[in-house]
Amino acid sequence: MMEAILGRYIYFMTALLLVIGLYGMIAKRNLIKKLIGMNIFQTAIFLFFIQGATKPGATVPVLDARLGTEAAHYINPLPHVLILTAIVVSVATTGVALALLITIYRRYRSLDEGIILERMRRS
Amino acid sequence: MRERYENPIVEGVARLMVPLIQIFALYVITHGQYGPGGGFQGGVILAASLMLLRLTLGEEYEHRRFPPSLAVLLATSGLLLFVLAGLLPLAWGAPYLNYAYLPMPGLLEPEARYLGILVVEIGIGMAVWGTLVTLFDHLMGGEAQ
Amino acid sequence: MKWLELVVLGLFLALLIYAEGDLPERGDPRAPASIHVSPSYIEQSMRDTKTPNIVTAVLADYRGYDTLGETLVILAAGLAVSLILPRVKTPRS
């Protein structure tokens, strides 16, 4: 039982980061804080995906002449490839979200969720 | 943040560092096959060097040297390079994006694929560079409140 | 309404911790993520493409189609920002 918990400690940390990001997206009223919560959530997903690639006693996936081409000497390269593109896509998504926030601020003069909803109901 | 930063130390250091940053970014793009690196990483470093220039030298000077329309042109031509490198094997009866049939005389199959990877990495670097500079320009432009 | 949000988050955390009992341990060499197609990538990358960096070879050669779609997504995001926000005004001195 203790070994099962000690071998899986990384999943507890990833779940904690996911809950912190979700708390920022749901419970905060400022729009910028919601955006930061989304970024924390994305980082937790990247961490969860990458940690599944390690092998005991293996090194980075760049072929070394002294180690040959055995599969047990290098860590799994496939999650690294997928997360590489996901990181750049998350930067572009944050850029689009910031552009939308600028437009909302120019129209409603506030970045608080309750005040924006009230002004939308009035106009 | 849109006027020139009036301090000779900041301006001197920025003018010295930007060519070094760009040479390092070129090294990261082209040596992506021998160590960590590649198209995405080098493109982001190139965009960072351009942002340093725009922050310290003022926008009216920089918009004449590197206008925002050039950034859009760079981004789309990077993607065009990628698509054309994939369309070329179609002329020889091979599937799309299969670099083994690129028409170079006297090259074995592994070296033709090596060349295909290099061309694709340069295209990706240009696309990421142009897109990040466009994001920066449009988020910082417009009238100040 | 604050307590409702906290209850939902607590349930979410409990669900995640319950679900991780089925996942493999950290660093297990027989995990399903490491045994299907990635050993063939590691062993044949040097013979097929002469590229020592396996990650770049997989990104640009074995999975080049995904990289094409992903570059298109980045370009679409840049295009969306340039259409949402107004034109960049070059200041005239």
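Odds and ends about this structure:
Here the chain labels run A, B and C in written order, and each chain numbers its own residues starting at 1.
Everything below uses one rule, namely that contacts are C-beta pairs under 8 Å (C-beta built on N, C-alpha and C of every residue); 3 or more make two chains touch, one makes a residue touch a chain.
Owing to the predicted nature of the structure, the values given are computational and were not obtained by experimental measurement.
Ranked by how close its C-alpha mean sits to the mean of all protein C-alpha atoms, the top chain is C.
For the pairs A-C and A-B, the larger set of C-beta contacts lies at A-C. If each chain is reduced to the centroid of its CA atoms, chain B and chain C end up 21 Å from each other.
Centroids built from CA atoms put chain C at 10 Å from chain A. We define each chain's centre as the mean of its Cα atoms; on that basis chain A and chain B are separated by 25 Å. The residues of chain B that reach two or more other chains are 34-36, 38, 128, 131, 135, 138-139, 142, listed in rising order. Among the residues of chain A, those touching two or more other chains are numbered 62, 84-85, 88, 92, 95, 99, 102. Residues of chain C in contact with two or more other chains: 52-53, 55, 59, 67, 74, 77-78, 81, 85.
By the touch rule above, chain C contacts chain A in their complex via residues 2, 5-6, 8-9, 12-13, 16-17, 20-21, 23-27, 29, 31, 33-34, 37-39, 41-43, 45-46, 52-55, 58-59, 63, 66-67, 70, 73-74, 77-78, 80-81, 84-85.
By the touch criterion stated above, chain A contacts chain C in their complex at residues 4, 7-12, 15-16, 18-19, 22-23, 26-27, 51-56, 61-64, 69-72, 74, 76-81, 84-85, 88-89, 92-93, 95-96, 99-100, 102-103. Interface residues of chain A facing chain B in the complex, by the touch rule stated above, are 60, 62, 84-85, 87-88, 91-92, 95, 98-99, 102. Residues of chain C that touch chain B in their complex: 47-53, 55-57, 59-61, 64-65, 67-68, 71-72, 74-75, 77-78, 81-82, 85-93.
Here chain B touches chain C in the complex through residues 2, 32-39, 59-60, 63, 67-68, 72, 75-76, 78-79, 82-83, 86, 97, 99, 109-111, 113-114, 116-117, 120-121, 123-124, 127-128, 130-131, 134-135, 137-139, 141-143, going by the rule given at the top.
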